[in-house]
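Both complexes below contain subunit A, partnered by subunit B and then by subunit C.
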Partner chain A sequence: MHNTSFKKGLAIFWWLTLVFLYAPLLVVMVFSFNAINTSARWGGFSLRWYERLFNNDVVIGAIGHTLLLAVISSIIAVILGAMIGYGLYKHRARKLGLLIILIYLPIVMPDIVFGIADMAFFVQINRLTGLLSPGLSTMVIAHVTFQIPFVALIVYSRFVGLDATLFDAAKDLYASPWQRVAHFILPTIKPALLSAFFLSFTLSVDDFVISFFTAGPESATLPIYIWGAIRRGISPEINAIATLMIASVALVAVLSLLFNRRRA
Partner chain B sequence: MAERSPTAAPGGPFSSVESTTGSEASAAREASSISLKGIRKEYPGGVVALESVDLNIRAGEFFTLLGPSGCGKTTLLRMLAGLDEPSAGTLSIGGVDVTDTPPHKRSVNTVFQSYALFPHLSVRDNIAFGLKMRGMARAEREQKVVEIAEFIKLGSLIDRRVDQLSGGQRQRIALARALICEPDVLLLDEPLSALDAGLRSQLQVELLRTQKRLGMTFVFVTHDQEEAMVMSDRIAVLNDGIIQQIGSPQEVYERPANLFVARFMGHDNLFPISAREGMTVKTPIGTLETEDKNEGRVALIRPETLELTAPGAPSVEPGKQLNMLMCRVVERFYRGSNVEYRLSHQHGEQHSELIAEISNTGDRLFRVGDEVKVEIYPEDVIMLSDDEEGA
Partner chain C sequence: MNQVDVVWRRRRRRETRHLLMSVLPGALWIFIFLVLPSAYLMSVAFMTNGGFGQPQLPLTLDAFRNLAGFGFLGWSPGNLYTLWRSVFQSVISLGLVVLVAYPVAWYISMCRPRLRAIMLLAVVVPSWTNQVIRAFGWMNLLSPGTTLSDLAARLGLIAPNMGLFPSDFAVTLGLVYNFLPFMVLPLYAAFEKLDHAQIEAARDLYASPLRTFFVAVLPQTLPGLLAGSVLVAIPAFGMYVIPELLGGGRSQMLGNLVASQFGDAANWPLGAAGALLMLLATFVGLLVLRRMGRRLGGGSEMVI
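Coming up: the complex of A and B.
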């Protein structure tokens, strides 16, 4: 008896969690199709906000910046992060406690601290050298720094899950160092690389704080545009952007899961 | 460098098997000898895995490194593969010094304990991996895979996925993957230890026949003394990074060099010697005649050499002076083909236990509590040094 009421209690928690997770998203999605200019009541179905969105060059530009930033930074982060992940694995016998803390740091550090620090840093470099004026390049560098630890950890855990003798077997079967990379290491960690890429991609698309501090006037991403637009009030147009972002992030997350599952 | 040309002569050792006998097939290839001189391995932190090992393995030999875990046998094998570097000493294969040759440039292949099949590749691609790395063309590779599959009798396994294979099947794929490269030396790191007993003895026979048919030098690592004896031409027994004894299975089993080897080969009836006078030694079970001229601190009497008869019976060999003692049966273990008796013996104040293993030829069995006469041939009383390093 006690047991069933306990289970019921757990079930309530579960449903409450789901409601608070997904109901807000649902509200945004529903009101993005609202015919009238308010989120307070329903005025019928319409696609007019989407239409207006796609006629807005600033929005289209922001979407373009967001995707470009996400793709470039994710590719760089996967390459560098995979090398760190391999290094962590290869030298796991040594005492690498400090290095692991260094890699974890961006994960636990508040974004705002990183954002402000990045901005100050890039401004100094720009003042001294004229390089790295705020824009896509500074944003890519900033994004790569926070994506790398996630990539490194995904790749590292893939290596840890491998039979270590496989490395010996590749050497034993006449594979030179480069052949081992091409015919053993890369194919073996390919699923991990793909899921690391998708995770980096979503992290990049999702990021507002760090992007905000490192962006230039010409490189505003979608989150930055939304933040700017929201100061003029929440319009159904914002709801439409949010809905598109929800859909694309969900798609990438599902892809990432699928690739990750296939590696077993 | 001992590297072999990737394009071997047409009709390699595997293709010829169908039409020729084993002896012709083995004559087709030249096996390689192995020579280790002063091989030492010391890990950072001062752990010594191998203490100055000298070893010569003959061409075409089935050679086994036998010892308990941590004795250095796997380290030695990994050095032959090039996966571990010796801290000192030289290693040559087929007369060529390969001490500094990296593993991918050595004509040596390994069957690993975990089999180490690549999970991202099919069975076919796993088998062909070594050939591909050496740059053999696809068509030729595929031909070789078909030949080896025939040779190892892989049948339909070749089309399975790696994760669909059982332990025994993985073992055979791993063997095929190593053999297809036609190495100078094949290394096997406890390849049967993960398998159950029945499959294990079946694969022991298969492995042995494969080796004889190819005439290839095999270096086999195991901790199982019975497996070592069944398979090997010669055995090296290792302990604490030191070779205790090298010899044929018969030599190692019947004439263990010291107490460690005797214990590791599973021998019971080890009695300390308190004094020796000529060919007689004083032990806790009495004064024994021996024919062993070697000095020793311990006498070994292998359980299967004991002769058991009823107390009043005549000697098993009346013309000969045998050691004789009276014992009582304490326990009996019936094993079908043989019977093990645990015997107690009283010599003055000294109480001892002996073990006798009598092959079951249908004679009447003794019962627990029976008094028995134990006779021991002097040549079966073997002297052992208890200094385990004095091999």
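Coming up: the complex of A and C.
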């Protein structure tokens, strides 16, 4: 079964799959430079949709909300998640089944249920207390909730990869708990913290459903803006925003590839 | 009580305090902002629909009767169609994903090790793009007047001047596109460990290619297939964005039904009942995965 014709067939299938995977993205990118207002025909090259985009205050605002939300939620999630990761590692001999279920819950929960549960909850809290009116704060809360598990798992696996005797060594050298944190623990898990931050950031920027249900009228992020624009009717302007988002993802992919290669 | 016992206990208590201090803030966050809201949502499913979609007491099972189609105006099959469509779409797209992912994962595992990482990355990168944008890309490709739609019309698959989108077909395509990487990765992990001697043995015994696959390849990759199946079918069942964008009003799935009850349709209990169903499906899926994973020799680490 390992003969060449079989492998050749698989190779053809592989390239077709790549076309399938990248065609929708390429179409968006190509037609963002279309001179006419359609995605069915090519009417010459133009940058008019990008010009429109950068003169659109709503879009600029949405970009701002997206970045602000991603940065704030990632910082909170990295702190809380790293603490969980450390706790899980330090006490891994204990039975922590319930805690582990709690940590997996945000990952396995369908995001529509997640978003709607939070929305319904925030609405009731707001009715009773006046706190947590839908907006950036409710979005930050929801985003941190789904980012914490990923941070905790990344940090935990970094600790597991360490030599356990290092902890005893730090203790033997009479380092106080805070000295241990500052001079040993934080420096050793710094790469894990960085990658956890970037993953949290990406998850936040990438999220639509949970943001959509916890957002307020003044806190639309870029995906929410795109969603609204699509519902109002296909406009080539969306192609231009989408292209910028695809390009930034591609940039991250290339960077991570280069980073990996350098490390290897 | 002797000295050692006291010391041991004190130490144990100190460790517990340390555990709580490190774990509690994050755990409480998840508990307050996910477990409590979910519990509230589940309780809404058993309440009565008041005015403006706000849930009220007394507790009833009205929402579930609603979900089964019994409403104000007697019984109508709309909700059951939606449920059926959710099941149907996730099963069909799972089948198609498996058909595409098997050759892809196999081919990647045959290539040079240096190339494999890049190939896996190539499969995963599109899914880093926001799912709204990916669905929008398909809208561009399938809308009326595009090359693909014209081709389909010329082949007589659709009426002329109609697009391939919006339609059930577009939803299936979108689901396959969305979930393909979720199947390729676990399958690749299985193929990487493939024992080629078994394939050689089957071929030496003059098994047909198909039989070789079912006897020598499928059993070895079954753990990956199962993990992938849960990762594809369960999220597909609760999908919201893709049916909303790529399907018209007649291609709604459970996620859309739930969302609309918290929006325009304003019937929170009905929406909550749908959400409860989705959660049940998720937990059943995870349970099945754990069970089968154990039986097939994989550990619990197979769960994601």
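The rule is simple: the second predicted complex is superposed on the first by the 240 of 264 C-alpha atoms of A that agree within 3 Å, B and C clash if a C-alpha of one lies under 4 Å from a C-alpha of the other, contacts with A are read in each partner's own complex, and residues count from 1 in each chain.
Criterion: a residue touches a chain if its C-beta (ideal position, glycine included) is under 8 Å from a C-beta of that chain, and two chains touch if they have at least 3 such contacts.
Just so you know, these numbers come straight off a predicted model, no measurement behind them.
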item	value
Which of subunit B and subunit C A:Leu132 touches, first, second, both or neither	neither
Of subunit B and subunit C, the chain that contacts the larger number of subunit A residues	C
Which superposed partner A:Thr202 touches (first subunit B, second subunit C, both, neither)	second
First (subunit B), second (subunit C), both or neither touched by A:Ile141	second
Which superposed partner A:Ala242 touches (first subunit B, second subunit C, both, neither)	second
Partner chain in contact with A:Phe184 - subunit B first, subunit C second, else both or neither	first
Touching partner for A:Tyr174 - first (subunit B), second (subunit C), both, neither	first
Touching partner for A:Leu166 - first (subunit B), second (subunit C), both, neither	first
Touching partner for A:Ile75 - first (subunit B), second (subunit C), both, neither	neither
Interface residues of subunit A shared between complexes with subunit B and subunit C	none
For the subunit A and subunit B complex, residues of the former touching the latter	163, 165-166, 168-176, 179, 183-184, 187-188, 190
In the complex with subunit A, residue positions of subunit C that touch it	15, 18-19, 21-23, 25-27, 29-31, 33-38, 40-41, 44, 100, 103-104, 106-108, 110, 117-119, 121-123, 125-126, 128-134, 136-141, 143-146, 177, 180, 196, 199, 203, 209, 212-213, 234-235, 237-238, 240-241, 245, 255, 258-259, 262, 268, 271-272, 275, 278-279, 282, 286, 303-304
In the complex, subunit A residues that touch subunit C	1-2, 6-7, 10-11, 13-14, 17-18, 20-25, 27-28, 31, 38-41, 80-81, 83-84, 86-88, 90-91, 94, 99, 102-114, 116-122, 124, 141-142, 144-145, 148-149, 152, 202, 205-206, 208-209, 213, 223, 226-227, 230, 234, 238-239, 242, 245-246, 249-250, 252-253, 257, 260
Subunit A contact footprint on subunit B (complex, rising order)	78, 81-83, 102-105, 108-110, 112-114, 116-121, 129-130, 132-134, 177-178, 181
